[in-house]
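Two complexes are shown next, each including chain A; its partner changes from chain B in the first to chain C in the second.
And now, the complex of A and B:
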């Protein structure tokens, strides 16, 4: 479900587990965000299906940030999780407002996804997600809860 | 044709009268524009059936799905069909979660795709 509110703080700053990734807001770089998301989900003991879900959800979060922000800038992703199996991802895009200087257009192309489709994917994958823009800084967040494993 | 993205490549072939695109790797916001261009070109040639081999695609996001939906719409407008072949389980699951399994014709083998 989507929320206009900033990320909740229940996992927050006292979380025992935090990983931060900063990367250029460049479509070519999003595989790094996906890899990190999958690694964090595995570290948080999510099952294979949820690892794949988080991989895709982080990608969609970045796409949403880039769609909102436009142009170039820098994305910071903060992954936080606790021992109860709640995992929060908070993404921030600070646009630098300048066009690309190397001739490579890093913005999303006309083939970029519809917001509606991205929204539908995030609705299906995560427990909660949302975003906001404050003072020109674009934020997005999502939350996943670890699924209980069935007893074998 | 090979694209420039190391994590994605696509080759084109033809079964009798049926163009086939074999995609491999990750279809994301970086690689989707190249797939979009290829598909637009193929759709523009007006084939009755267009087949996309998805069996080696390990990842697809909303940008990739958007490209496929766009091609499907264009094919359908001319009364023709797009078929997706053997998507991996996680992609089949994504199609189900988004309801796109109702939009696409998904078949399990290349022979089904070219003869159906």
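And now, the complex of A and C:
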């Protein structure tokens, strides 16, 4: 479910566990985001399948930020989780104002097919997600809850 | 001629039959040419498969030689990609651990009747959580034959999974993605639909299609990357 609410007001402000990662908005650097997401999910005791889903979701969040932001910049990811098994990821892209290396404006309208795809993917992977752009800063967030373990 | 070869074992006749079917090897090798291997190497693999097919063919079984040879050649080509499947050179220990994890996920899922945690996988494989996570990330660079759908055994998979059935669940999904989905093999189209339209989990998809959960995960990553490239969201390898 997508929400237009920006992340800081929506998720995880009192979570006891926090990890922050800042990286260049470059597809080649996204493995750092995926690995951090997977490591955090493992630390939050998520199962393998949810770890894999979160890895995909974090990738999607970053790609979405990069696509809607256009150009280049820096992405900051904040991972927060609590002992009840709620994990939030907040991503922020601050564009540096320079054009993208291919010379094209890559900002996407909310109705662009790629955005539709992204929405669909995040709907399937996480429990909740949203995003917004305020003052030229692009934000996106997602939330995942640890699955109950019924059998062992 | 095959009856004659089976009866006499004539070396000249054997060579003649092999040469007569090298064209089939070249034709089938061409289907794999965009997957990172040189055409000449693929023809060599396929040609060796022709030799095996000629030597193993039993004319009494009522199967056309070309049918038998096609299956043999495709099998050898797929095996070739499976054996050389690491698109990016990952350390051998990670390759081995990744393959070990594949088995571990399957066995633990069955034993526990749920998806295992990373800690449980580490314990089962005698490694650390950090090593498991590292291997899982490295595993996404593994390019296996699963990404291909060239084999006759996979024909009709789409129909079996309902890809070609009326509607994909969400009309706009189809409208938006249809032109881009065409770039994907039938099986990957099906997996995307099962995961993102039907809402099945990776393990449910794995059970339905007959693959391992990690295999499904890898196919999802590959499919999404291909789609993003198709949309122009990604310019670089990620």
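The rule is short, and it goes like this: the second predicted complex is superposed on the first by the 132 of 152 C-alpha atoms of A that agree within 3 Å, B and C clash if a C-alpha of one lies under 4 Å from a C-alpha of the other, contacts with A are read in each partner's own complex, and residues count from 1 in each chain.
Definition applied: contacts are C-beta pairs under 8 Å (C-beta built on N, C-alpha and C of every residue); 3 or more make two chains touch, one makes a residue touch a chain.
The model shown is predicted, which means the values in this text are computed figures rather than measured ones.
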Task: Greater chain A contact set [chain C / chain B] - done: C
Open item on the list: By the touch definition at the top of the document, which applies to A:117: first (chain B), second (chain C), both, or neither?
Closed with: both
TODO: Look at A:22 in the shared chain and tell me whether it touches chain B only, chain C only, both, or neither; answer first, second, both or neither.
DONE: neither
Open item on the list: Taking the superposition on A as described, I'd like to know which of chain B and chain C A:137 touches: first, second, both or neither.
Closed with: neither
Open item on the list: Just checking: does A:52 make contact with chain B only, chain C only, both, or neither of them? Give me first, second, both or neither.
Closed with: both
- [ ] Across the two complexes, find the residues of chain A that touch chain B and also touch chain C.
- [x] 27-28, 30-31, 34, 49, 52, 55-56, 59-60, 63, 66, 113-114, 117, 120-121, 124
- [ ] Provide the residue numbers of chain C that touch chain A in the complex, in ascending order.
- [x] 105, 112-119, 121, 129-130, 132-134, 136-137, 170, 172-173, 176-177, 180, 195-197, 199, 201-203, 213, 217, 220-221, 224, 227-228, 231-238
TODO: Spell out the part of chain A that touches chain B in their complex, as residue ranges.
DONE: 27-28, 30-31, 34, 49, 52, 55-56, 59-60, 63, 66, 108-114, 117-118, 120-121, 124-125
TODO: Enumerate the contact residues on chain A facing chain C in the complex.
DONE: 26-28, 30-31, 34-35, 38-39, 41-42, 45-53, 55-56, 59-60, 63, 66-67, 101-102, 106, 113-114, 116-117, 120-121, 123-124, 147, 149-152
Open item on the list: Residue numbers of chain B touching chain A in their complex, please.
Closed with: 5, 7, 26, 28-30, 32-33, 35-36, 59, 61-63, 65-67, 69-70, 90, 93-94, 97-99
